């Protein structure tokens, strides 16, 4: 397993290196930050000044290596928009909010989707199965921002059950988390259901039945533990799409997380923050996938024992 | 096939014949008829689904919007599937270094937050149809590559491939005549299931202001634009939203159905 | 020693509700097994052997499998009318089963020890002493798993096919069942390993006196292991009797053909005996004898009317065959 | 027919590098085929038997040039397979054909029977459409399939019929050698005989040689002129089929033959039941690889020294066993 | 009692005012030298200065500070040293303040504790604008800087207004609290002011309707929904914003290399035709719900120099909606055949504070196409446009705003004169001549004349498409907010938070 983990880790590092290159070139392709950072009536002197200050006058490869060196230390430079803080600080400041929301969304999706998918598979063709497939379909048919606004109107403005938006306690998180989880519930339900269906067909399930194992134990101990590998693999993707989804949901719900930050930073052409937020997202994604790989090995002895 | 019917009615016919069936020019602003409600909600038969804040006919815009939904889906998915399939085939068939490199690239595209990428690119070049297509390709190709690679890995070990080798078939011939035809179903099913993803993605990009540029009546843009008036003039975003919902719903049903028919083994991806 | 009938199957009918309509995979099947007896079930692929076994265990494929008629009497109790909970209690403790493929029939995520322990815990009829792990080791020793103390901690993928099948055997006998059904337990094993396994099954049977239903393709195994035999064709029993009777005087043309088409090991022949054609598809509506299209003796009666089992053929009294040839001959 | 053998195999080995994970540290060598030598005369059939994983398929794939040997050489019709290219490779590709075990996996579900059967010719020979059609029809007729089968897809056929299609596509180029890797294992008993008979008929008609991999000894006895028994990658006994069946020398051959239970209800057959499991090919036992299970170990030599391949009789038969060596038979190599 | 105001996030979130392009967010707590009258918007001494004088040539300005003015958190009285210190901060190299160019080269000198003199390199009539309207020079406490450095400002900047800085939640908002016993005697009628930054207008509306916010800045588009739900609109007392569409790249000075001769609107007839294609009343209805006034000349305002009622009166005749006239002009100019590239690119861009810009572009397209122009909408972010304008390469017809409504000299400089480079859009030799004299002149009458001359020129040249003059507006929940008197003359329109009148 140590070797398995080491290779996965090295692969992730390699990916990260390539990502730094992409991130760097992207933010430098997206146009000069000068135009966003200076006033309408800025003089040429001001423009030159800022260019020098941001190091934009140096050759590109020099800029990249400096970037890489500093990035390795978690230093992406000072934010140009949030003056007075380093880019990493700004992101780290906002990351917990995103993780809270993403975490709750993940929790909701898992809590709803896994049992639903399992039951739908076990009772294939039943009304629960039908409900599950309707949920799965609806989940993939609504844009998250739209759903978010509708939820806000119905449950916050009209019914007043939850706050409309903003940062705060769990009640503030409920609506955005649901809007965020919606699509994931759909995907996860489908995935769990089909994985379960496949596993329920397996011979070892038949063996468990013939040895007198109760239905509940068959479903959860034997079938689900095997089927779980599929949804678990999906958690990596899920982590990624939760982060991506945070961009939209955080905008709608004025949730001060990294997604909202990313948009502000891009609009404000705050290179350092853009770079640092994308890198954080990528690291988070790779980390999530790395953990999934490990989890995978922990669950499945076949992987644990292989090279 | 209900789903097919819905698809044809909501998407295909409008996309092909919008010019004939749309009651109005989708770009024409009847400035005197701004924000007219739909028929049965106080509106008239002139604007069955109401008008937007410039007085453009919602129905006509939705009908014309089908063109964009269809063309983004088709172009984006075709290209995404082509890129993904080609690379997936190479990775799965050659294995070794090529495989490692391609799969790493897939990992990387998954790791990069696509929306942020799109935002960054949009600031560079301004939003455009091409950008939306690019983002679509970027988002979906990896799924194709992974799936195709996995199947190619299995197929290349299949006895019929060994038999083809015994018969002296070249690698290219094996890929073309033995492996590709056997993954076409998977690709078709996967492509169908991506249509929903693509339409939603287009809407999301529009919400962020980097979708298809206005005044094009792309569905996503219609929904995104109408969201401000979701309370009083709900019809502006509701009907395009409904069109998206119906399309995605029926395409997914169709995909499920195709999967059952063509490829029962394909996992939900 | 062969004793009382333990399991009696009467007019069992099982359907699979597939899209095209109900598929009669087990069609009016009756037989019985006694304590200490081994009943062989043979027949071509798809003739309903496994479905018969699964019907008895009441673990037909869900939700399409359905028993639509007949009785399954385990020591006189009808299993068909039992609730799912009652069946769960019966399975493992009174009915054991060994599945075909050792490579897929153990749960890859649990150690074999835990899988044996699970069976022991559920099926503990005797309330025997000893801790569960200890008894699991004992169980594995009983099925001749070498180095059992270490192997209880192994995962299925770390064991050979033969070893895994032994573990499956241990699980099947953990509740000391009255009847054990072995569905082609050795097909996936190498011949030398297969022999070891058959020997093990025989020893266990001798020791516990349980009844055994042994499903196989291999007539050689039947000859050496079974006491009685039923031959199935397209969901029905075509011939039944003691192994000696059936092998010495096959009464159904299908049985005869099956026996003839086994290539001899001990002498060289120029040509193998072959049955023409294919087994029928169960989806086709059946008129007459199912074997008629492939039968060299078939006539118009065979093609239009289904034969019924005719008893009282040569040898001991319970040798029967469903064939017009026998009816006419009788 | 010349006397030159169709197949000559000399000291052939194929090793696979297998990573052993945490405890192994680095890759281990799996000797799938280890120092195998034999030759096969034209028009004859040789059977390869042995337990699962003993290297039969690996050997067969090397004969087909689907796998390159680690060492040793193969000559087919006098041509060394190593470095075969261009025209010679093309000739080889039409001259040596194969039928595999699983009729469901060996035909591409997306190709019509016509294209499947014609493939070898399409790739290697320039024929007109009519000529191609004629040859396909010829092949279909030879395997007993109706001509209109050519238009259909494989899934429209049963297992037996599919195997016939595979055979048709193998014989279409009139090969001199066919490699059959368990061609009937996946078929029902009642169908098996049909196919085995068909192989015999084809051999009579086309005068080709067969190398057949088989589990079932009855099949072997029926088909083969020569029998090769493999154990853990090594050829432990090789000789004329009848001789080996009647007078097996190697204890493993004896056990293997006895494990095939006859249709004998009188219980006279007393099989030899081996002890223990098949060892892992990654860690084969020292000395004679069979010694831990052997019923006739003659002493320490069995566990310490590898037996040499010894000639027995005069029909080119060989055996690798200390027992035979002790009996004073001259060494074959 | 807390007043919550939900609004568009500012461009930059920082407590260092000079690091923002003119971010008003600290306005409630930090003051400038000059204030304005909430009703007229005129400069007055409600700021930190009690009075001021200037020399005749407008190069020396002396301010007398209020002696009792005090910084929050005990940083002592506001002195001339604080003003000198603040000027240094604001004109430093990292300042990105809009309009800071007006302070270039200015030297501040503390005459005594409460007297400070600015010496300017060139005469400036509109110097007060820097201290008041524009709000560019904000007075920070030097005492705090000496004690804590910039970090002190970052964590808790001391101001001198009737509200003091409480906290900032980056990405969320900014909080202030009432100063008890404020030196000026102003008593704020509530305890706490919370400014919330919410990007999505629908969300701001929801917050207002759900009672989570008392005041919301909403696009006019959604104000209708708010009004329907019982909310009330409070406009600024004065026009706050002028909007127009600019023909960018109209560099008509001879020999200008940045001029692209293929632009259709280089022909004055096309510019007039475009102006006449537009039904301004309908536009005002669509964009501003009717609550705006037609603007005769962009950058001209009755409050400032050069205002010409004559032009306003002539507007209808010269600019009125007249499709026939428009088409005739197009035909005369040979549109589209005479033009190499006859497509009019209309820029659609989002600009915080002007959510109507994309709609404006769409509407513009509707009108122009109706008249027979070929148009295309180009989407780009505001910074992207800025880049193009800096490079003098923005060959587009694009929305623009003049906010706050600036003194005429500033407006003319920004939009009509080479002096406004790099980001100006229209230059012609006649304006340059007038502008040169205008910049030098200190005589009010002459200046007035010159400004009027320039406005007259650009009016008749159809230099831009003037659209509307609008007030700033907030939507309030009448249950909690009674009223708010604010003039609408700061960079985002809002000020005088102490005037927010809460319902008890």
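Residue numbering begins at 1 within each chain, and the chains themselves are lettered A, B, C, D and E in the order written.
Please note the rule applied: a residue touches a chain if its C-beta (ideal position, glycine included) is under 8 Å from a C-beta of that chain, and two chains touch if they have at least 3 such contacts.
Note that the structure is predicted; figures quoted are calculated from it, not measured.
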Touching chain A and chain E alike are B
Chain pair showing more contacts of the two, B-E and A-B: A-B
Cα centroid separation, chain A vs chain B, in Å, comes to 22
Could you work out how far the Cα centre of chain A sits from that of chain D, in whole Å? 54
At what distance in angstrom does the C-alpha mean of chain E lie from that of chain D? 89
Chain C and chain D: spacing of chain centres that average the CA atoms, whole Å: 32
Indicate the residues of chain D shared as contacts by at least two other chains. none
Interface hub residues of chain C, defined as touching at least two other chains: none
Among the residues of chain E, pick out those that touch two or more other chains and give their numbers. 202, 381, 383-384
For the complex, which residues does chain C have touching chain A? 57, 59, 62-63, 84, 88-93, 95-97, 99-101, 104-109, 118-119, 122-123, 155, 157-158, 168, 171-172, 174-175
Which stretch or stretches of chain D touch chain B in the complex? 61, 64, 66, 89-90, 93-94, 96-98, 100-102, 105-111, 119-120, 123-124, 166, 169
Which stretch or stretches of chain A touch chain C in the complex? 124-125, 200, 202-204, 206-215, 222, 225-226, 299-302, 305
Chain C-facing residues of chain D, complex: 51-52, 158, 160, 188-194, 196-197, 200, 215-219, 221-222, 241-242, 245, 255-257, 259-265, 267, 269, 271, 273-274, 276-278, 293
For the chain E and chain A complex, residues of the former touching the latter: 9, 11-16, 19, 21-22, 93-94, 96-101, 104, 150, 154, 169-172, 196-200, 202-203, 206-207, 209-210, 212, 381-384, 386-387, 390, 414, 420, 422-423
